[in-house]
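What follows is a set of structures to go through.
Here chain A shows up in two complexes: once beside chain B, once beside chain C.
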Partner chain A sequence: MNRNVVLGAFFASYACTLHASANPLDAFGLGSRAAGMGSAVAADTSGFDANYYNPAGLARARGLEISIGYFRASQYLKTNGHDNDVDPVKGLVGGLVAPGTLLGVPFAFGLAIHLPDDRISRVRALRQEVPRWEMYDNRNQRLFLAANLAVSPVKWLQLGGGFSFMSSTEGKLDIGGFLNIFRAEDSQLRHQVDADLTAVRYPQLGARVELSEAVALAVVYRGEFKLKLDLSAYLHGDISHLTTAIYALDTHSVNNFLPQQLVVAGSWKLSDDLHTNLDVTWVNWGAYVPPVASLNVGLDIPPPAGGWPNGITPPTAPAPAKIEALKMNDRVVPHVGVEWRALARPTWEGFARAGYEYAKSPIGAQTGVTNYIDRDRHSMSLGLGLRALAPIAELPGDVRLDAHAQLSELVTATTRKADPADLVGDFTAGGHIWNVGATLTVGFP
Partner chain B sequence: MRRAPARTRGAAACLVGVVAFVELAACASIGSPGAGDVDLPTAGAGPFRKLDGNETLGVAPFVLDDRTKAWHDPAVLPMERAGDGPAVFLYAAGTLAGKEAIVRTSALDGRSFFGSGVGTTPAVVLQADAAGEKIRAPSVVRIGSAIFLYWADGAGIRVATSDDGLSFAKRPGYALAASPATAWEKAAPGAPSVVLYPDGRIRMLYAAGGWLGEAESADGLAFTRLADAPVFGPSVAVDPATLAPGQKPPFDDARVDDPCMIPRITPAGRLHIRVLYTGTDAAGVTSIGLAARYGDTGPLARQAQPVYAIGKKERGPALFEWSGGALLYVSQDRAPTPDAHYDAIAAAFSPANLRLPPATSYADAP
Partner chain C sequence: MGPRSGHVRFVSVAFALTAALALATRIAAASPEDIFGYGGRSSAMGATGAAAGEGYETAYLNPALLSTMRARKLSLGLTGATFHLNAEGEGLPGRVSYGAAKGLVIGADLPIPFGGILKDRVGAGLAFYTPTDVVVRGRILYPETAQFPLLPDRAQSVAIRVGLGVDVGYGLRVGAGFAALAEIQGSAIVATDATGRVGTRVEDQLVATYAPTIGVAYDIPVRFPTKLRAGVTYRGTLDARFAVQIDATKLSTLNIPLLNISGLAQYDPAQLAFEVASIGDRITLAGGVTFKRWSKYPGLLEPTIQCPAENPDCAALLPPKIAYDDALAVHAGADWALPVSSSFTPHVRAGAMLEPNPLPSRIPTAQAYDPRTQGLADVKARYFNATRIALTWGAGLRFADPFPPLELDVYGQLHVLAPTSHESVDSSGAVTPLGKASGHVLAAGAVLGVRF
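Let's look at the complex of A and B:
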């Protein structure tokens, strides 16, 4: 493979992307090393986690690496003091980095996946006034899959990029037959379902520059992503030989949206055993599309000859709901992390890590009819790592075991409704999230 | 045979380990239905859905049903000994032996009321002295150690008191009589709803001529109107020609009646006055609506959508709240056959996305 092929593949993959994506990694990180450092690793990554944090980091890998791990984020989110039983986010994480050289230029290919335990993806189209934890309930219940390429044309520069995959849902439901409104058991209905999961892709690009042996800077871009849900239903049939009804429904919504993001990051090596990182992420939440369905309904039930039987009132088509705009603000999210090689022995090393992240809620005050609940989030994390160097003859590289624990505190605050006749009313909301996990990495020289 | 290089053997061992790890993890990972919709915030005043057959012992959604007595106008009094459970006393108006009366019954689950089962009848707590005397629209409230029962007799609002909620002594005169000086009251006050504010003040909402007014009392026996103006009235009528396709006119543009006032302190610390009421549209169709305000005085704001509307002549709401949700009781048309119609007490529940456990057995005493 020559260099032009590599670059061609990279730009081809970028060119065919449509949007960028929503995934649980924004909230809980990818891999225990990064999660333990508050996800402040864009300028300091070289493993499988580079597929998410900075694809350019893949080019720093010195050998084949295979990683696999597991994490669970248990969410204790409450409104009015009651736990809302928001689903945990949990599942396998893993990936690989395969480096090589091309005409003397280091390059690498990377794959990463987050495979949830419970569901590959979840669709929810709630009415806009139904309260929900907008950032933690549905958005993070999905698969993440990414593939990237990276090159290092000169020693002090790495460039990388690739794309991730998700699927949109399109479905059609067709029901026809005979409906007996007097004896429901005599009704005869047949139905037909036609659903498509169409692939969408979204890009990520990254660059890393080594200013010196001690300082590196990075910049990463992640594109915007819209996961659409389009459903239609068509109901037609004879009603007790009185009349013929036709009911047609079309609904369109954006079930999940990830805004574009720009990360500027730095890594400072303070000593041989200690370095610290800072990532600052701009998130374009202002472009957010709320997951509310626009609904078009057609209903045609002509009255039978002689009018409707006594006590039978035909339904009428509902008026289209007015979708309220959701005011969201762009946010700058700082992440800081530190890693200390606490123990260095000829055959093994031990690491301690810590991190902090502050994500101010982008959602405006929910004083009107909508109830997209969110709160400012402070995340504190700790991590431990153990690296065994050539532990056995069959593994001449290294084996790394990393673990993390992260506590996110969502500051409790009260929402005051402007309309006293609001059906939800004033509420307090807050809570915390425990995110724990471990990752095993095997490296080959 | 030649032995494989160490690097190859290492990679193979690694792959075997990874596969074993994934398999073990997969065995421990069984998908489950999504949650995230438990104990969501609500103002506790709807929207409601009618109870279904598994949630009542009788014909759903009816919880107090007697063709000869035609129970209507429910009012509730939470049982003190029940703590935060769904045990409740229900008062209702009806006709016994040709005279109007108010009865009391109870249910430990909020639905299975004594008197709905075969051979039982709720206890009569107040009855007209003579045929033709009106005893309607009860409201009951516990003030101190006494229980106050208010009702409308067509000329005003009267009151009786009791120590046990069963034996009431009528008080002479009116708690709130008609007032010719109050211009907006085109009819005598009726349909009282009396509550105790969190600070101990006693307030009444009442209906008069399709509007709602408010009064206050120091002792629960005599009430004084708070203002010369009503606190709530019908919606402004809308020309049907101006409505968008599918858009419905207001459900309460003819009159508002039967207030049921429920005060609370919101999680933000505000006094929140919620009022369920009967809204009647220009065609005479009734629905249950919600009006509310923050603070102890002033007009009520309207929720544009009804909180309970099933087209069965529902009216006269009463609300019972506990930690598990809120039950709405209404008078509703019961039609066991197309030609037989009478009033009965029906129930509905909020949050509408949750279900009550199956009803078990009727209460054994009223």
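Let's look at the complex of A and C:
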């Protein structure tokens, strides 16, 4: 069979299914100011985006801020020249910063959310041979919800931390009754379910130090999390009065793995109107758990006394599948950004921004039976901002409107299989992603 | 601009804000607060608050009252409840075992510092409750298992509530908000491929559901020693389903139907609360009623096999259809402030509530396949519930300068289930005793708030 047809068929069936998730903010940023600066803001943030980039930055806020925005990342990812219809990542972003003082110490509470348009999260377990854009389908369509606290014990130091929230799924299923194999819809089955969405919380911690009025450094740690999907099912019943059956299925998988990360960042104020930032993020991809389900099946269907009717072949218990290890490597991802206050008027200001980041693919060469596709990514971003100062009496603070556009290029390369008889065979993959969005912030004194 | 035109403009802005929030949200809710109330103060006052609520708690109780907040506050608390529920009768276990419900309360008071005509008129509140173990528990058991479907597992659900309140003037406040919850949708496909290997593809996704909360409060302009306030709150229906399709049609040549593993994991009925409160410098008294539309409750179970369109009368089993009754809950509570000094004020609180039983006394049987007779048999749906009478109590401590700006609220609740007999009605109309429900629920919590 033509391997392109096989690959196409795999992707066709894949595209017909819904796609899953992990961390959209790592790939596309939180809020338009940060996204326009290549996500290089860990030492230069004080708004709602600090809930992701550096919770310590919350303590720099001077008044209550409320932000809301939207972004859409359209993914044009291809294999062998065919678009793989990878879902866009799109949804609302928003949050708030509520600063104050506690016992004379500047203190702030922050909250941030990214709410995808279609779902909170999705978990999917596929067979390991099925090709998938591992970093862009299953990882990027999920909720981000974080709450943080921050303090500034001395003027030059801010400390912050908090938690992000997700949930895993555990479920037990029991189905019993009468299975009519001649008229399936007349089967008399019933079920009971005991399912829990269990809470997953993972930490983020940050610190920021002002070395001078012009230079600040920051360090941020983001914890690891795993979304698990553990399901067990027990089916038992009477098969058309011919025989009885017991079918027990137990599946476990880890999906939406987010590796722990460490960010070291700096911000340099070159003039009153211009500053530049550098963030370097270590990502512990080496701990990655592939989203492949382990499956245990027990099946007991004694043959009927008179044998099976013609044309009926009962199922047989499958042998447990051997899960191939997915070799991933830790990566260091640099981000650079620059912000220029291009216009400064008594009642409004205008900003221009630019950024760049490079994410080398952490996935090892897919020369075996697995097909976790990924490519090195170069992301270039531009942003614009408009700030109106006390525009009306009811808004004595400021109103900011920021917009961004980011182009990510995934370098096209060919994967060659070690086995010339591999079912999928060699393939060439690459593509690009357009990420655009806008964020509105209302600040109060 | 004259004062009158300014006020008209302000009223327009206020209504636009609340209407926009109400329209921008869709529907949802969560259950622990429906059983116990929400927060440290309201839970001690018989779950009152549509007129007498304060702070972040009013994101649930009545978002219009969010406009009364004047200071930012962050609150964190722990709550818990234990269930001692009994189902006694033939074939029943007596004590029905349920685990304790434990959770974390997080609240934020956020007065919005607008200027101009909006100054000191707008407030927002965040009210979270998250069980320590689960986000949502979905237990949909076979009906012959003795169970209290409206009580313990409904207390095991996350609650995320956000609201905005506006002081319109003339003693009128309006507010809107929403509650969010998650439901599960998914599929599991088991199939044998051309090489004879059996594989699965399992997907599930969490989908957000939302419910609106809309409130109005009015300071009644009558001569009275204290402020009299009336409050009305509407809360929309919460329904978090569990829906997974299992497709094993390609597993073998056995003709296996599509399996619909679905049910209702969480449900709060639509409800309308009305309350009147007398709010004095030292004593606050509140009393009200809440109408809960349980008659719209579709029940826990859904059919395992859905009849195809071309054969709508197929022989697949249907779950028992129970006609739940609407309920009118009654709440009353009191808060007595005992100021020791300008920087320290203790409060003592008490309350009571009556939660009528929406589960009818006669419950239809379910049908199940009996392997002994190789045919269908009636099985009793052993669902139990009872009218709850709750006594609540609690205390609060308010500190101000020179002390740290802290607020501590603690509460306890005792819910007693009035002994209730249920009967079973089979498919022929014969009535037989099902059993008697009784028991009690103990709940307690503590919430610490810090103003900043």
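Basically, the second predicted complex is superposed on the first by the 409 of 445 C-alpha atoms of A that agree within 3 Å, B and C clash if a C-alpha of one lies under 4 Å from a C-alpha of the other, contacts with A are read in each partner's own complex, and residues count from 1 in each chain.
Quick note on the criterion: contacts are C-beta pairs under 8 Å (C-beta built on N, C-alpha and C of every residue); 3 or more make two chains touch, one makes a residue touch a chain.
Note that this is a predicted model, so its numbers are computed, not measured.
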Check: More residues of chain A are touched by which chain, chain B or chain C?
Finding: C
Note to self: According to the stated criteria, A:100 is in contact with first (chain B), second (chain C), both, or neither; which is it?
What the structure shows: second
Margin query: Per the contact definition in the header, classify A:394: touching chain B only (first), chain C only (second), both, or neither.
Written below: both
Next item on the list: Look at A:122 in the shared chain and tell me whether it touches chain B only, chain C only, both, or neither; answer first, second, both or neither.
Entry: both
Notebook entry, point to check: Looking at the overlay, does A:133 come into contact with chain B only (first), chain C only (second), both, or neither?
Noted result: first
Margin query: Which partner chains sit in contact with A:444 here, chain B, chain C, both or neither? Use first/second/both/neither.
Written below: both
Item checked: Partner chain in contact with A:297 - chain B first, chain C second, else both or neither -> both
Next item on the list: Could you say whether A:187 touches chain B, chain C, both of them, or neither, answering first, second, both or neither?
Entry: second
Margin query: According to the stated criteria, A:111 is in contact with first (chain B), second (chain C), both, or neither; which is it?
Written below: second
Notebook entry, point to check: In the superposed arrangement, does A:238 touch chain B (first), chain C (second), both or neither?
Noted result: second
Check: Across the two complexes, what residues of chain A are contacted by chain B and by chain C?
Finding: 64, 66, 118-119, 122, 124, 297, 311, 313, 316-318, 392-396, 444-445
Margin query: Under the stated contact criterion, what part of chain C meets chain A in this complex?
Written below: 13, 72, 74, 106, 108, 110, 112-118, 126, 130-142, 145, 158, 182, 184, 188, 190, 192, 197-208, 242, 244, 246, 251-257, 259, 261, 263, 265, 304-305, 307-308, 311, 314-317, 319, 367-369, 371, 374, 376, 404-405, 450-452
Item checked: chain C partner contacts - residues on chain A that touch it in the complex -> 17-18, 20, 63-64, 66, 96, 98-103, 107, 109, 111, 115, 118-127, 143, 147, 149, 165, 167, 169, 171, 173-199, 229, 231, 233, 237-239, 241, 244, 249, 251, 253, 293, 295, 297, 311-318, 321, 392-396, 444-445
Check: Can you list the chain A residues touching chain B in their complex?
Finding: 64, 66, 68, 70, 79-80, 82-87, 90-92, 94, 117-119, 122, 124, 130-133, 137-138, 141, 297, 310-311, 313, 316-320, 371, 392-397, 414-416, 419-429, 440, 442, 444-445
Notebook entry, point to check: So in the complex, which bits of chain B are touching chain A?
Noted result: 6-7, 9-11, 13-15, 17-18, 21-22, 25, 29-32, 34-47, 244-248, 266-268, 270, 272-273, 290-294, 300-303, 307, 311, 335, 338
